[in-house]
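As structure tokens, the structure follows; a few thoughts come after it.
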Amino acid sequence: MTTLTLTEIASQLGGLAVRGDLALQGVAALDTATPEQISFVASAKHDSRAKTSRAGALVLPSALAEQADRPCLITDNPLATFARITALFHPEAAVQPGIHPSAVIDATAQIGPGCEIGPFVHLGAGAVIGANSRLGAACVIGTGCEIGANALLHPRVTLYPQTRIGARCILHSGCVLGSDGFGNALENGRWTKIPQIGRVIVGDDCEIGANTCIDRGALADTVIGRGVKLDNLVHIAHNCQIGDDTAMAACVGIAGSTKIGQRCQIGGAAMIIGHLEIGDDILISAGTFIGKPLSKPGTYTSVMLQQAHADWVKNAAHLRHLHTMHERIKMLEKQISVLNTETGTSS
Amino acid sequence: MTTLTLTEIASQLGGLAVRGDLALQGVAALDTATPEQISFVASAKHDSRAKTSRAGALVLPSALAEQADRPCLITDNPLATFARITALFHPEAAVQPGIHPSAVIDATAQIGPGCEIGPFVHLGAGAVIGANSRLGAACVIGTGCEIGANALLHPRVTLYPQTRIGARCILHSGCVLGSDGFGNALENGRWTKIPQIGRVIVGDDCEIGANTCIDRGALADTVIGRGVKLDNLVHIAHNCQIGDDTAMAACVGIAGSTKIGQRCQIGGAAMIIGHLEIGDDILISAGTFIGKPLSKPGTYTSVMLQQAHADWVKNAAHLRHLHTMHERIKMLEKQISVLNTETGTSS
Amino acid sequence: MTTLTLTEIASQLGGLAVRGDLALQGVAALDTATPEQISFVASAKHDSRAKTSRAGALVLPSALAEQADRPCLITDNPLATFARITALFHPEAAVQPGIHPSAVIDATAQIGPGCEIGPFVHLGAGAVIGANSRLGAACVIGTGCEIGANALLHPRVTLYPQTRIGARCILHSGCVLGSDGFGNALENGRWTKIPQIGRVIVGDDCEIGANTCIDRGALADTVIGRGVKLDNLVHIAHNCQIGDDTAMAACVGIAGSTKIGQRCQIGGAAMIIGHLEIGDDILISAGTFIGKPLSKPGTYTSVMLQQAHADWVKNAAHLRHLHTMHERIKMLEKQISVLNTETGTSS
């Protein structure tokens, strides 16, 4: 078990240690932390839970520095600081360089120094793996793929041929990159497959969730920028371009050829149709359907909230007749206007 | 082929056999059953299809006992009885104890007696597998995982390190348990990964669908209760707690830190946002978006039903102007009130 | 690099070559094509981009033949023709017959001539693989499965026992066919599993996307017709029947026992509830919820489009009170009618 004093943490990560020092043995949430653990308050509004927390130390935002009632670390961004403290107490397992004897590595594949290649990994012809990268068990890396240095592929990741992954990327189990885009031409009621000859290109520092799918481009490439974070079960269709530092929560679907800007945040299960342009700094609420382009930074939403089923039945019927309802209102307004004239009333 | 008489079935499973006996060779739906097969009527309302069914025997609810026109088994819960009869005719393949020579088992892993470990399975350090459990081909079990007795993992399941699975659980192909929760802190427009140090804990008698994902907790654990049934392509985010006997149909997404009660039933593609509390015995309709907490048992819904596209175009435009529509109604009411006063009308 | 003249292409694929010949080295989109490449115009409305394209040659629809300003191939269906030209320049990698020594093949499995079986493949007892089929790395084929000739299974596909796949099918990585349908009977608040004894039957010429799931039938089979195209992360529940040539975009979910006709096109993230009948030639828009049967060919829709969040807040509140709004309009109409009578106004 790692032990670190608050002063040691401050000297490693920055921030101002106040109200004394103590030895800490780990991190926890406010409500479960013990006196040997450090917790955090993300912003001023979480203050009430902090008061009753048993945590031995807290990371606090500057705005709450005055209220420090125990050893605290004051920083501009308590959540980010807490993330780094967590990493100090729970460092990632060290890379154990070596190639498991069960792995099948094509003779022309290149594996950088310090890599860890797990059991049942298959590396195709010409694949290139950067230094110190880890490939978990049963990963399948197609011919001509390139993976940057210090990447982490959890077990059972598939990269189709020619896929490129940047440095320090984390790919979670079951994700599939480079599968054929959904391209078919209709001919007399039947489908002819359109070969998908583009690639998937993923920038540095991305994280791709479990069972997430990113299709290769039809003619050009599907491009995922630097620092993009995709949660589980996300679908990115062919030819999409996702800007740097954009994040998507689970179950999001992006249809083909849509271009999304930088620093966007897309809530879970949101869906964006194809061939749209979404600008920078756009926030999309969970469950929202985006059917038109968006250029102005801000938050966009389109969900219907739950009702008790009986209430929904009463209301939902009218959803199909809003146009009629609107026409009836217009007619009423016209009639009122006539009545007002006839009776000399001004309202 | 198994042959069982109706009397033998009744003696094994309970229920009242009426109107004679016969030898049966299998189960089928009402509309396809032959005279050698048994079918069932779940409740009184399916009666009409039963009349014309060629099934040699039927499982009937007590309410229909009077209408038995052939050998029948009368039980309180025909569907559950029929499930058990199906299992009699189609018993699960017996466990074939042994470890396939291609499996890679860490020297410190413990495998209980009677287990069947398939080809290309990888068991990490310290993993513990309970007695008589089966691990299908290409399952990857991380270090420190624990799997209860009599569990069934279909091929290609991933358990990240430290995941715990109860006894008699069934995990379908492609599911991923214990992947990192989606936790990132924003710093000057870029994301810092928040280490996810919690685990996934799954109770006894759960079933997890194909390609379903359950993320490990950020600080505390993600907890799936006893008897929980999850269909395919479900996403359970970090820190969720799912109560005993709750069932979720396919494509459901539950965002982080949401707590769901016992015996809930969540329809396909429903989405529940994060940090909510959902009580016991809540039914959520398919496709419903849950954005607020729910405590009162009952059914909740929020979908918009399909329309012919041209009708939708006419109606959907008004969805964006409901507030204006409401304001116009208020104005009309005010004007009518003035008119009524002016003209001495009381309506 | 392949080089083909326009005349050679026309002689192989049909179509009318006009305005001269040239040697071509590949295909590209209008906006990126170079003078050595051929591009295409799908229909008359894309004309403006063609004018400025640097492409050396174009595939044009007959309607634009008059406007050919460079060597062109005139065909009835430019997209389909372009798909075939793409395949000429980018032929699929040839099958490399052979069984990788790491594969585990049951002694009773039958592998047709010319098949390519990748590393870490597991073939169960009695599995039958048609001639010239390819099984990518780490595919798991259950006992009694049948795969037609010339099929292509990308890496990490799971077929549960008894699944049947037609000739020339393409299955993408991570897809799971034949997993148990979601069938459970409620007994005193707990679930009893209903054994799923049907199979999954897939016709010829289908394509199944990455991480897509198709469940086996409960009693009868789940049946996917000929030429069906399913994108990534689609869920097809037990007992569904999908008609020939129907296509579904990513993230679609079809609940149990629903029957869908031929030549339907289902947009991304659409959801169809169970036990419905959907006719032939039905088009369903992306994100649409289908809660009622559909028989008349045409397009159906049910989405709510995004709004700026503040606007949504104002409007969404009224969604829960449409019934009341409707009642208020009815009351206004009654009052107006009384007023009209009293004042002798006819509007």
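Order as written gives the chain letters A, B and C; numbering starts at 1 within each chain.
We adopt the following convention: contacts are C-beta pairs under 8 Å (C-beta built on N, C-alpha and C of every residue); 3 or more make two chains touch, one makes a residue touch a chain.
Note that the coordinates shown come from a computational prediction; the quantities given were computed from them, not determined experimentally.
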Angle, in degrees to the nearest 5, of the Cα rotation that carries chain A onto chain B: 120
Copies chain C and chain B - interface residue numbers shared by over half, same or different: different
Inter-chain centre distance, chain B versus chain C - centres from mean C-alpha coordinates, in Å: 25
Residue list for chain A, restricted to those that touch at least two other chains: 102, 120, 138, 156, 174, 211, 233, 251, 303-305, 307, 316, 319, 322, 325, 329, 332, 336, 339, 343
Residues of chain C touching chain A in the complex: 27-29, 32, 77, 79-80, 82-84, 86-87, 90, 92, 100, 102, 118-120, 136-138, 154-156, 170, 172-174, 207, 209-211, 227, 229, 231-233, 245, 247, 249-251, 263, 268-269, 286-287, 303-309, 312-313, 316, 319-323, 325-326, 329, 332-333, 336, 339-340, 343, 345, 347
Contact set on chain C toward chain B in their complex: 102, 104, 120, 122, 138, 140, 142, 156, 158, 160, 174, 176, 179-180, 182-187, 189-195, 197, 211, 213, 215, 219-220, 233, 235, 237, 251, 253, 255, 271, 273, 284-285, 288-292, 294, 298-305, 307, 311, 314-319, 322, 325, 328-329, 332, 334-336, 338-339, 342-343
